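All remarks here apply to the structure that follows.
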Amino acid sequence: ADLKFKPGEDSKFNWASYDAYKKAHGDLKGETLTIFGPWRGEDEKLVTTVLNYFSEATGVTVKYSSSENYEQQIVIDTQAGSPPNIAILPQPGLLADLASKGFLTPLGDDMSKWIKDNYGAGQSWVDLGTYKGKDGKKAFFAFPYKADVKSLVWYSPENFKEAGYKIPATMEDLKALTEKIVKDGGTPWCIGLGSGGATGWPATDWVEDLMLRTTTPENYDKWTTNELKFNDPIVEKAIDEFGWFAKNDKFVDGGAKAVASTDFRDSPKGLFGVPPKCYMHRQASFIPSFFPDGTKLGKDADFFYFPPYASHPELGKPVEGAGTLVTIAKDSKAARAFIAFLQTPIAHEVWMAQSSFLTPYKAVNTATYANDTMRKEGELLTTATTFRFDGSDLMPGKIGAGAFWTGMVDYVSGKSSAQVADQIQKAWDGLK
Amino acid sequence: MAGVVLKDIRKSYGAIDVIKGVDLEIKQGEFVVFVGPSGCGKSTLLRMIAGLEEITGGEMIIDGQRVNEVPPARRGIAMVFQSYALYPHMTVYDNMAFGMRIAKESKEEIDRRVRAAADILQLGPYLERLPKALSGGQRQRVAIGRAICRNPKVFLFDEPLSNLDAALRVATRIEIAKLNEQMADTTMIYVTHDQVEAMTLADRIVVLSAGHIEQVGPPLELYERPANLFVAQFIGSPAMNIVPVKIDETGDVTRVSLSGGGSVSVPIATASGEKGKAASFGVRPEDLTLTTGDDYLFEGTVDIVEALGEVTLLYLQDLTDDEPLIAKLPGIVDIRKGQKVRLAAEGSKLHLFDGDGKTYRR
Amino acid sequence: MAGVVLKDIRKSYGAIDVIKGVDLEIKQGEFVVFVGPSGCGKSTLLRMIAGLEEITGGEMIIDGQRVNEVPPARRGIAMVFQSYALYPHMTVYDNMAFGMRIAKESKEEIDRRVRAAADILQLGPYLERLPKALSGGQRQRVAIGRAICRNPKVFLFDEPLSNLDAALRVATRIEIAKLNEQMADTTMIYVTHDQVEAMTLADRIVVLSAGHIEQVGPPLELYERPANLFVAQFIGSPAMNIVPVKIDETGDVTRVSLSGGGSVSVPIATASGEKGKAASFGVRPEDLTLTTGDDYLFEGTVDIVEALGEVTLLYLQDLTDDEPLIAKLPGIVDIRKGQKVRLAAEGSKLHLFDGDGKTYRR
Amino acid sequence: MSIGNRLARIGLPRLIINLTVLVVVALWVMPTLGIFVSSFRDKDQLTVSGWWTAFSSSERNEPGRLAGLDKMKQEGPLYVISGNVLEGRGGAVNAFGTKAVAPRAYKAGTEADLGDGIKLAINSDGTYRYTSTAPFTEDNTGRRVYLAVATPPVFTMTNYQNVLTGEGIGQSFVNSLTVAIPATVIPILVAAFAAYALSWMSFKGRTLLLAAVVGLIVVPLQMSLIPLLRLYNDVGTFLGVPSKTYAGIWLAHTAFGLPLAIYLLRNYIVGLPKEIIESARVDGAGDFEIFTKIVLPLSFPALASFAIFQFLWVWNDLLVAMVFLGTDKDKLVLTGALNALLGSRGGNWEILSASAFVSILVPLLVFFSLQRYLVRGLLAGSVKGG
Amino acid sequence: MLSQIVSALMVMVVGVFAAAAYFYLTNRILDLALPDTGDVAKASRNLRTRAMIRPWLFLGPAVLLLTIYLVYPVIATLILSFYGRDAQDFVGFSNYLWAVNDAGFRQSIFNNILWLAVVPAACTFFGLIIAVMTDRLAWGNVAKSLVFMPMAISFVGASVIWKFIYDYRGDGQIQIGILNAIVQYLGGKPEVWLAIPFWNNFFLMVILIWIQTGFAMVILSAALRGIPEETIEAAVIDGASGWQIFWKIMVPQIWGTIATVWTTITILVLKVFDIVLTMTNGQWNSEVLANLMFGWMFQGGGDSGRSAAIAVVLMLAVTPIMIWNIRRANEEMKGR
């Protein structure tokens, strides 16, 4: 396989780690590794560049595949007894389910310790990959690789400059800015929840971000396990905070009605309208791939951190994120070697140097990030005071990828937060 | 012995009894014609012999074997269907060759037999056409050809000539007669409406009516000595004239009085017990002759004159009921509508039937 | 004037010419019968009059109107199809009532007319059945009934009686004749293979052959004075006996020599130019009589004897070619196969045709 | 018989039929047409303007950018930056502005005074002249401008290029055919035999079997995947062969298509004229011959219809292929390959629309080639009577 | 590439050939094992035995495949529906109880009834109209192909198409969804069509109708072509108008096929979930049973018990259709 960056050439990369890895695992010729992942299209090309390094080092033949319904496929394949070696999924909830049915192989305590030590906010990553196995005991199953930061607000610096808007440092400022834009005759926000069968999920990110900014991380954790009921006033408050932005016809492009039906992929395009359809768009770090062609990050578009409330100084600077998790569904030497490969900085740097890849791995050279925006995002990830994962991913699939989504659509379509929260809680109760 | 024996054969569709107990013995090589009014069950009976219709009751024996449960293909039969039943997707040639191909005959043999049949039926120019590009008569000829091509023990024909023109009909009829002669061992069962066909072809004619047999016998016997009124009227065209009468005198010669007045002596013997009973008196149209004398049977006004060239038909207003009296006179006769005529007949050509329609035998 | 005029009507299916220029004028109220060998184009012509078949060339005029492009429903016609074309999903009653329902006749009127037609055709017991539960003849009767129920200007029949039994055929034929009388203004065009039907029903007969008209005329004219060999052989059953001859002497009486030897004087005038030419000599089977004298026309051995009761057919081995010579003798004749017989005919019953088949007129 | 005559016969004015069909067809085509036009459009345009506007030249507001400091030249007293804002995009500038909220502040060709001695003139061909009395700084170069651009209709083949040059498309095309053709032919064969048995042979349990077939049409495919794949794996292990093979997927597709196939074909075959089949029986044909020589040829319309559908389902299927054939590159079907072109989060509508048309070609071809078997009058001339 | 094509061809030929060979060989073997030659009694006994065996040779592969691929999973489903989410513990009827009490389930039932009432009727109606009208048209084949085209588009493609149709942009903005563009052009206010409860069902149904009409059309047009031309000619002579011929002569004669199409689409409606999944995923009260089942089966690892229970309900829903079809079949078979 051809390697994107020639080993040893660019000193930004940690070639030493690659060589060391090669030495330790160079004896797997003839083995095949099947990987099932979420990355398709452009992303598939990127992940392939990384996998090429692995093949090159070990001699393992890698078969990577993905599809629109890869989640379905994983469920079918594991249950039918023909799983891939490596299953990569962005849904911890689904992985927890697979683990509890005994379809995943624990990675061992060494690995969890390694994550804890080497990843920014290491413990939260460990927690993310730790599930109950078939025997009911908790174990570490999922290796986090590639992360997204969610607490970002995207904007066009030139539009801000032209209108004279300042980047808000607190939630209160953000709300004031929102109102000011309306007063100036503009529309402050583009919000789109549409995503086909997954419609509603962008709203869950809003609510989670706002949860982290209105209540303690502990409550947040309890919330994801339903120790804190969904219809608890704390949760309802966070939902209403989201409503403050989304349910005001003046605040969102197209009016509140448009929120639920606008596709999340189309939504950010409003930032680049002439005249602008909106000034701000809250979305995770992956969203630039849906910006119009030729958009230069940093120049045409940039982000600022979704600010915390000044009224809640005790909560610090919380960051919400997400990540894809690598698990072993069918154990083999090559599979283990692959996990080990992911522990090398080079496995991260190769992708970082291209695009759309963030990592909490502290040992990587941030200079390899392809641009400043990514670097800034990466730093947010490694320096966060509070770091929490996408709550809906942690909830059981039927809630986090079901009732919660539906509830949020209902909410923006007119239902009250109390109604919606009750409804979701009821669904959760129904699971037990 | 490829004879066909029917023992109390019955057929019903649900509650409708279509065949009501038919007993018939057909010897090998015999040519039997089924006639009867439309809907009397001729086709049904034929289909039962072919094995296409389940037998509701009774026993069917072909060639000494009970065949009630034997499938059609194993009965050694060929059949011409009343509704052609051609294979619409096959050319005429293939339609005729189908049976032989199934039987794995050699190519040459198939070709020979198909062409022979096509010759007989003048189908040569149409061999490569599909049935839908044929006229009604041509289709029917294909259906006949198909049966001819097989060499069955029992040949079944269901009105095979009904769509053919006169010339072709005569020709085909003669071919069938020849076939019958050549295949002396082949039993043939033939359904027709055509008197001429029935009379010329049959060794025996079976007259059916409403699902049962009225009479079985050689053609001339049926013509000359019908067993009952039904057969008398059915055989011969136009049908025998029937007049209701009362028996006045019995004995060697019976004297009957016509309801319209007048009386006739019929040289048929009747028992004395019959005296005074109602009866039917019959005479065939072709047995009537014009007369000017006083020995006439009927006198009446001519209603319609049909000149067919060879013969002339006179329709007389009857005095008794609405059935007209018909006379068939040879050649062209110079008689007009409205003219009064007198008709006579030889005594030996007169028929007499009792109240139930049974014939008083001479 | 609901007459039908055909002007050089043509029809081809792709390269096959089926109708090759037909000119015909049918007056209102006339009863015209099309006869002709199977496949000659009778049905096609009828369908073109009905408007069911596109007219390739020529002009069709009904009731003084050019109708080439007029849809069938607007031509004021009714038609009985050769293949019945019953509506399989409707009962017999509904089949017959359909046209009237479409025409929005009153319920009572519909019922009256359907029952009247059913009476004529003896369909009473079957009115509630579907076509598939009927016999062939019953289906055909429904098709006729359906046409009778309408009151068209032009009535088209395509072999309406071919599946009926003799009795019913006569009855229906007479009904059609009556219908024709009652509906004096209705033009009727009738296709048949049946000589008797053609002769009895027709005001004029149109003899078709291979897509063109051979002769048009009243039945007896066709019978007595056929325009050519084709008509002579086609009209009359069995067909006229034809013998190839050579003209020896011309004049008021023509003398011809038979190829088998012997010569005959025919009382037909021929021009002197005809001398020595080949011709055909014809005599109808029914015009032949047995003779023992020397004035016979033919002498030959009897090959087949068909006794039909009313008449007897003798088939004589012909000397010249494989067509047998047929004689139709009245009554039952005591002659056996293999016997030698002599046949004679009156001079006025003899026909003579020239080398092209055209008749030498008397 | 000509069409005109036919219509005249049927008595309906030709115009009305034509118009009605035209309207219906237009309604039916409109959505497809939309996506078809879209598939030739630029992916950014797709989501900002309706496809029906793609044909007319339109005026749109677009951002543009002036060159940076490196392009600065001095012309006498003035510092000048010049170039072309359209950068080869085509179209004509009607107006321009320097503020996003007022993108049409100045007419093209006029000079805008931006204060501080800075002036900007943009001509309709996109060339501009950006002048200042003082040297430009980082701050006021590379400046964004807003343009009202009249663009002629633009269509691009890029989307198709992307799809057609996608990795392994050719191979997956072959794979799809390898799956689809037998998975169309086999079920038809199996179903036709079964349908014949269910309509023209008598045996015990016929009614029950028919009921079962109708009932099984409804079985949701998804329900069977897991138990079946498990079976495949067991059988595969037992026999020592791979569990994901072409044979496996053919059988799967066959079985999933069977209930409907049997149902449709039976309903057709049962309606063939009884006399024809009887006649073949008398001719000595057994059931096998009757089936192959009479029933099959006469059922062509039904077979062709079903073939079309089965082919479509198989061709467009992704799930069954992924489950039973696997996701290996060398076995990936076309739907899978096209799917892989989409980004992880989907929504690449330009790819979706182009690939919709790439994958529609073969089914349409099948439809066209089989359509002529849906012929009129296959049974004409065979029997008479109602 | 060439070698791929060649090997693909080989594989195909082998596959199809094997299927054909099965039928040919088994029938040959049957004929050889029970010869029909020799004495008539024995032969006809053999023939009767053959007649008993042969249906099963014909049906064999179908029955086998149906059993393995459909009956077995159905039974498994039935069993699963009495077990919990991991198929581990027996829970009796609680999955069904849950369903009855679940608002989503009830909503689905209601929506499904709505779908069943509209979609089969609409598809059959349009399919019939198009089949009849295009049959008499010079450009009929083109028209048919165009109407058929949606059938050939994958569900993903179809959902993209319809997303573009129903797309909503705020009032006053440029609409890229043609429906809203028309509404706006006519002076109305744009609507979020898919988010209007109850009515959104109909917007989703339109999609299925759009797709399935081609199906109805193809089947019905095959049937229409089987109508004997003479019966139509007879009706034409009887003076029936095109409309009357259509309703009184053609439709009754293809009634069986109409019933077939109706049944097929009805069952399809019960099964269809792709449209709902991609367009709304059951939100805004547009849930249907099949999508509900799909959701419970796969989302977040799934709940095999509940999804199985819903599947069983789905299968029960066809029982009336099944009975009706059997009745019809039995009627046809009378006197055969």
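As written, the chains take the letters A, B, C, D and E, and residue 1 is the first residue of each chain.
Basically, a contact is a pair of C-beta atoms (placed from the backbone, for glycine too) under 8 Å apart; a residue touches a chain by one contact, two chains touch by 3 or more.
Because the structure is predicted, anything quoted here is derived from the model rather than measured.
Of all chains shown, the one whose average CA position lies nearest the global CA mean is E. More inter-chain C-beta contacts link the pair A-D than the other of B-E and A-D.
Ranking every chain by how far its Cα centroid lies from the centroid of chain D, the top place goes to B. Each chain gets a centre from the mean of its Cα atoms; for chain A and chain E, those two points are 39 Å apart.
Look at where the CA atoms of chain B average out and do the same for chain D: the two points lie 67 Å apart.
Centres computed as Cα averages put chain A at a distance of 94 Å from chain B.
Inter-chain centre distance (chain D to chain E, centres taken as mean C-alpha positions): 20 Å. In chain C, 51-52, 71-73, 82-88, 134, 136 are the positions where the chain touches two or more neighbouring chains simultaneously. Of all residues in chain D, those that touch two or more other chains are 9-11, 47-48, 227-228, 286, 318, 339, 377-380, 384-386.
Residues of chain A found to touch two or more other chains are 68, 72, 196, 263.
Listed in rising order, the residues of chain B touching chain D in the complex are 47, 50-52, 71-73, 77-79, 81, 83-89, 98-99, 102-103, 130-134, 136, 139, 146, 150.
Residues of chain E that touch chain C in their complex: 228, 230-231, 233-241, 244, 248-249, 252-253, 255.
On the side of chain D, the complex with chain B involves touching residues 273, 275-276, 278-286, 289, 293-294, 297-298, 377-385. Chain E contributes residues 86, 98, 102, 156, 159, 163, 168-171, 173, 192, 194-195, 277-284, 295-296, 298-303 to its touches with chain A in the complex.
Taken together, the chain E residues at the contact with chain B in this complex read 36, 40-41, 43-44, 47-48, 51, 335.
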